[in-house]
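Same chain, two partners: chain A is paired with chain B first, then with chain C.
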Partner chain A sequence: MKAELSPRMKTALYGLMCVLLIPFVFPTWWMVTSSVKPISDIFAFPPQFIPQHYDWTTYSKVFELQPFVQQYWNSAYIAAAVTIGTMVISSMAGYAFARIRFPFANTIFMIVLLGLLIPSEVTIVPLFQMFLKAGMVNTHWPLILVPIFGAPSVFATFVMRQFFVTLPNELEEAARVDGLGRFKIFHKIALPLAKPALASVAIFTFLHSWNLFLEPIVFLSSADKFTLPQALTQYTDAYGGPMWNIQLAAATLTALPVLIVFIIAQKQFVEGLAHTGLKG
Partner chain B sequence: MAEVTLSNVRKSYGAVDIIHGVDLEIRDGEFVVLVGPSGCGKSTLLRMVAGLETITGGDIRIGGRVVNDLDPKDRDIAMVFQNYALYPHMTVATNMGFSLEHRGTSKAQIAERVKWAADILGLTHLLDRYPRQLSGGQRQRVAMGRAIVRDPQVFLFDEPLSNLDAKLRVVMRGEIKSLHQKLKTTTVYVTHDQVEAMTMADKIVVLNGGRVEQIGAPLDLYDRPANQFVAGFIGSPSMNFLNGTITAEGFAAPGIVLPLPETAHQWRDRKAVYGIRPEHFTLDDNGVPAEIILVEPMGSETQVTMKLGETQVTGVFRERVRLSPGETIRARPDLANIHLFAADGGQRLN
Partner chain C sequence: MAVAQDHATPEGRSSSPFWTIARRDSLAGFLFIAPQLIGIITFVLIPLGLVFWYSLHEWNVLANTFTYTGAQNYQMLMEDTNLLEVLGATAIFSAGLVVLNMSLALLLAVLLNQKLAGITIFRTLFFSPVVVSLVAWTIVWGFLLQKNGGINGVLLLVGIEGPNWLREETTAMISVIVVQVFKNVGLNMILFLAALQGVPNELYEAARIDGAPRFKQFRRITLPLISPTILLTSIITIVGSLQVFAQIAVLTQGGPGMSTTVLVYYLYQQAFQFHLFGYGSTLSIVLFVIVAVLTFAQWQMRKRIVFYES
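Presenting the complex of A and B:
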């Protein structure tokens, strides 16, 4: 039985948790509050943790200085396409590695996992040359195809495989007796049961694509094709210096959907990772 | 309904033989139980009939048709698994109708069949629930419902009661038996529990090490076991065995001479194993001396552990006996129920 904590211990514990929370919460708090401060207040000393003057025009400037709606759309549809593509590929590959016996399955799985060890910076130049030859530079294709067939998909395959390994064999055998073939077993039995793992794959794939920075910078050159992380770097003055408050307003808008998705789906995210045996 | 025939069925994993040529005839509508200790190959054999395991040699026929290379779905069988194997994301009704849905049956017919099966098994009020909302016994009934809804030629049960507690197991045993009496579908049932085998089967197949030790009606196996393995496996508490030699005076076991039937003298001077079931001892002043070691009153009977010469045996007495450890009693073996087995190989002699 769990021992009940005394009120004093409880207060001490919550106090400690609040202190530990500061490094995680402070950057977000600073971003949101600074987005409505005049620039001089951002750098004021002593620092203003609560804004003294509010300047809401920063948000309208975000949309005036860049095609921000278009860039928002770019990020959203690219992340959605990458998420759907990764879910399809990783669930099928994960199922195959977990449930289908074929020669060298474990060796092939190890080779696939090795993909996680190659930093994306190493492959970016050859990828650029490849997409240049294919006429896909300054299009969104590289930002969709590279994650779907790259490291994020490998990680997602690993997560899905770890989940499918835990499904009882008898379920599949019952389905075989019930008249289902391999694909239908995957589609009707395994996949519906894999919802928690699939949800976590969806969340971290979406986050990865949403936050992608290096690839857009390398592959995209026109402002109307930019994604949000790349667009954030464009809020500069005539001398190239950052317009901090506008940039932070844009950053707040960029982080908003991710925060909402994470708050809604954090249970699935943690459950899905728990299935992999990995810690978050 | 159909008969099932296994002819010289074998199974190997690489160089390791698991099933060594099993021959078995199961008549139409018969309830056959495959029983044996863990690792004897009974589940493998059942899974070979189901088509979930390939066979290395021989033929399996269902309804006269060789099914060696057919998928499970084409064998017209239904199987109940040890862990129920209900689809967790489907309701009871969907679980039960799932196989029909994939065989192109109309929705109206599926609903009708599911209702019929649910009525038989008392599941009507549970049709909208999910497996996680059911007790063990209810899940087991749903698994049976899923099997009967399709009206297959053969039912296969793979240790279906082993996850239930002792009391529920007795209830479900009765339900499966009465279901079989109602539907009269050919049934192959695997268990390691000889009580289940004895109470349910029309015919028992005792397996050991991938070989059939004996096939027969439950009481035939009990009364005339073909060898020492079957004699020891069937019956609870199990048969007592004493090693010794058949002599003119009787059976000479270490420290004691036990009486033998007249017919046993044809094997005089032969080393043998003397087998006697616990209930075939009677308290009698003309019996052999037995030192009491342990007394276990069960209410309906008294189980007594005692020493016959140097060998410890169990006796079961129906009457209320007042015995205490250390006391010496006289117990008479019932000569009509003595089993003699060859000392080498354990085959039955008498």
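Presenting the complex of A and C:
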């Protein structure tokens, strides 16, 4: 193991890390505390790091001004659909590229990897046109289909492939001797072992969908169809300026649940992400 | 999947000798990759072809005109006086983001790799912005960066009058970079940390016995051994930096002037605000070429700078 650090060195490191933490932690704190301050206090000087007065009406305004519950549901179910769809497609493709020999496998893998070079920002104009022709503009289909089949799922496939490559051959051979077909081997043997890789695929796919911004503002036009990121920016006054306290309340409602889930499951989160094919 | 299962069962094999193990495997392979391949073709490759096709047309959605004009849009590209500024802003943003992100991620990973009590708490907190909704994070930073916002409030406490961060060209660019760095640096930090933990301790012990100072150990042992991770994360970070949109749209709308109008934002404006789909497609091609060239260049560099254990 590493040499023990001297007590002075330890203090210095703790000090350095605490200073570095400020821009990572303070914004979230400021968001939550400012969201419950009355409007007269949110730009008060000196800054109130702990609210002096509380005004909870901002939270009811979040729901009055927009169909916020509907928008929350939109974001949640779209992210869930994208996550599940991506897990299914990328685990199957990743498995095949890692473990099944079939003609043109390498060529097809290269074609699929091309998807990484072509983010949906590049193809947003024809995508818009395609979905317009299919009558799917101002529906959630583009926000579901494009990530499941586009660049984000290619990344997931890559991660899954890197994982499946590491499985020992003996496992599958034993299953083969027992008369299991390919799908059964994949489903009953390989997939259960792939839980850590699947978990990290699930995490970054969910976050990607949850954060999507360009696609919603291109494809969606009515408030009840909006997703959260788009909805947050819509709390504006008559002059188009942001209604800060309401935006911050809505932002808090958007950010806190995911943050809480993360803090509860941080070990799986962080280690899942760290121990996948991403290590290069 | 039902098809794959049918042919994959032992019964299927005995009843039809055509289905040898190799053939059944090939079929299974194709079926496993079919959804991904069809998806890529439909939602990535065909649109890429279309975007090139559109770029050869003058297409105004409002006027409902779609006429083949050959290279005219590319001509327009050359004469677009805004484009140089946009490409400049994109380059500054991406370079600033990558340099800041990678060095901060490495610093944090080295710190988190120390044997200290409670280090997981720090790891969790440094990582936490990654899971905060991007637009929520951007909104609160926009709030903090107002003229009378939290950051200037704190500065004023120590007697400094801060600038109007988002309304001055230099500080606006710095702001959008910094907001993005703190949002996502945790991801690279974790990948670096995993790589650092993979460096065998014996190497450090040997170096210590040889009397190599810490800095030299870092340069000669750590950096070469984690270079594959550095390469991979830098590719991901650069490509990601070229896709930045929400932060610009929420914080500066490309301003002041055009100082923070990066390529994706400019593309969005041309295509979806000015309804110029043809020219928007041409800008898409520019974006695609930049992403492709940068990725290819970095991939080529791996032979020269990346150290692989073999």
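Throughout what follows, the second predicted complex is superposed on the first by the 251 of 280 C-alpha atoms of A that agree within 3 Å, B and C clash if a C-alpha of one lies under 4 Å from a C-alpha of the other, contacts with A are read in each partner's own complex, and residues count from 1 in each chain.
Note that in this section a residue touches a chain if its C-beta (ideal position, glycine included) is under 8 Å from a C-beta of that chain, and two chains touch if they have at least 3 such contacts.
Only a predicted model underlies this, so the values are computations on that prediction, with no experimental measurement involved.
Q: Is this a clash or a fit when chain B and chain C both end up on chain A?
A: fit
Q: Looking at A:189 after the superposition, I want to know if it touches chain B, chain C, both of them or none. Which is it: first, second, both, neither?
A: Touch partner of A:189: chain B, not chain C.
Q: After lining up the shared chain so the two structures overlap, which partner does A:179 touch, if you call chain B first and chain C second: first, second, both or neither?
A: In the superposition, A:179 contacts both chain B and chain C.
Q: With both complexes superposed on chain A, which partner does A:265 reach: first (chain B), second (chain C), both or neither?
A: Neither partner.
Q: Touching A:170 in the superposition: chain B (first), chain C (second), both, neither?
A: Once the two structures are laid over each other on A, A:170 reaches chain B alone.
Q: Residues of chain A touched: more by chain B or chain C?
A: Per-residue touch count on chain A favours C.
Q: Name the contact category of A:25: first (chain B only), second (chain C only), both, or neither.
A: second
Q: If you've got the overlay open, could you tell me the nearest Cα approach between chain B and chain C in whole angstrom?
A: Nearest C-alpha atoms of the two chains are 7 Å apart.
Q: Which parts of chain A are touched by chain B and by chain C alike?
A: 179, 184
Q: Where on chain C does chain A make contact in their complex?
A: Spelled out, the residues of chain C in touch with chain A are 1, 4-5, 7-10, 22, 24-30, 32-33, 35-40, 42-48, 50-51, 54, 108, 111, 114-116, 120, 122-137, 139-144, 146, 148-150, 153-154, 156-157, 178, 182, 186-187, 190-191, 193-195, 198, 201, 204, 208, 228-229, 231-232, 239, 242-243, 245-246, 249-250, 264, 267-268, 271-272, 277, 280-281, 284-285, 287-288, 291-292, 295.
Q: Once bound in the complex, which stretches of chain A touch chain B?
A: 168, 170-171, 173-180, 184, 189, 192-193
Q: So in the complex, the part of chain A that touches chain C is made up of which residues?
A: Chain A residues touching chain C: 1-5, 10, 13-14, 16-17, 20-21, 23-25, 27-28, 30-31, 34, 42-43, 45-47, 88-90, 92-93, 95-97, 100-103, 105, 108, 111-112, 114-119, 121-130, 145-146, 148-151, 153-154, 157, 179, 181-184, 186, 207, 210-211, 213-214, 217-218, 228-230, 232-233, 242, 244, 247-248, 251-252, 254-255, 258-259, 261-263, 266-267, 269-270, 273-275, 278-280.
Q: Can you list the residues on chain B that touch chain A in the complex?
A: 50-52, 71-73, 77-79, 81-83, 85-89, 98-99, 102-103, 146
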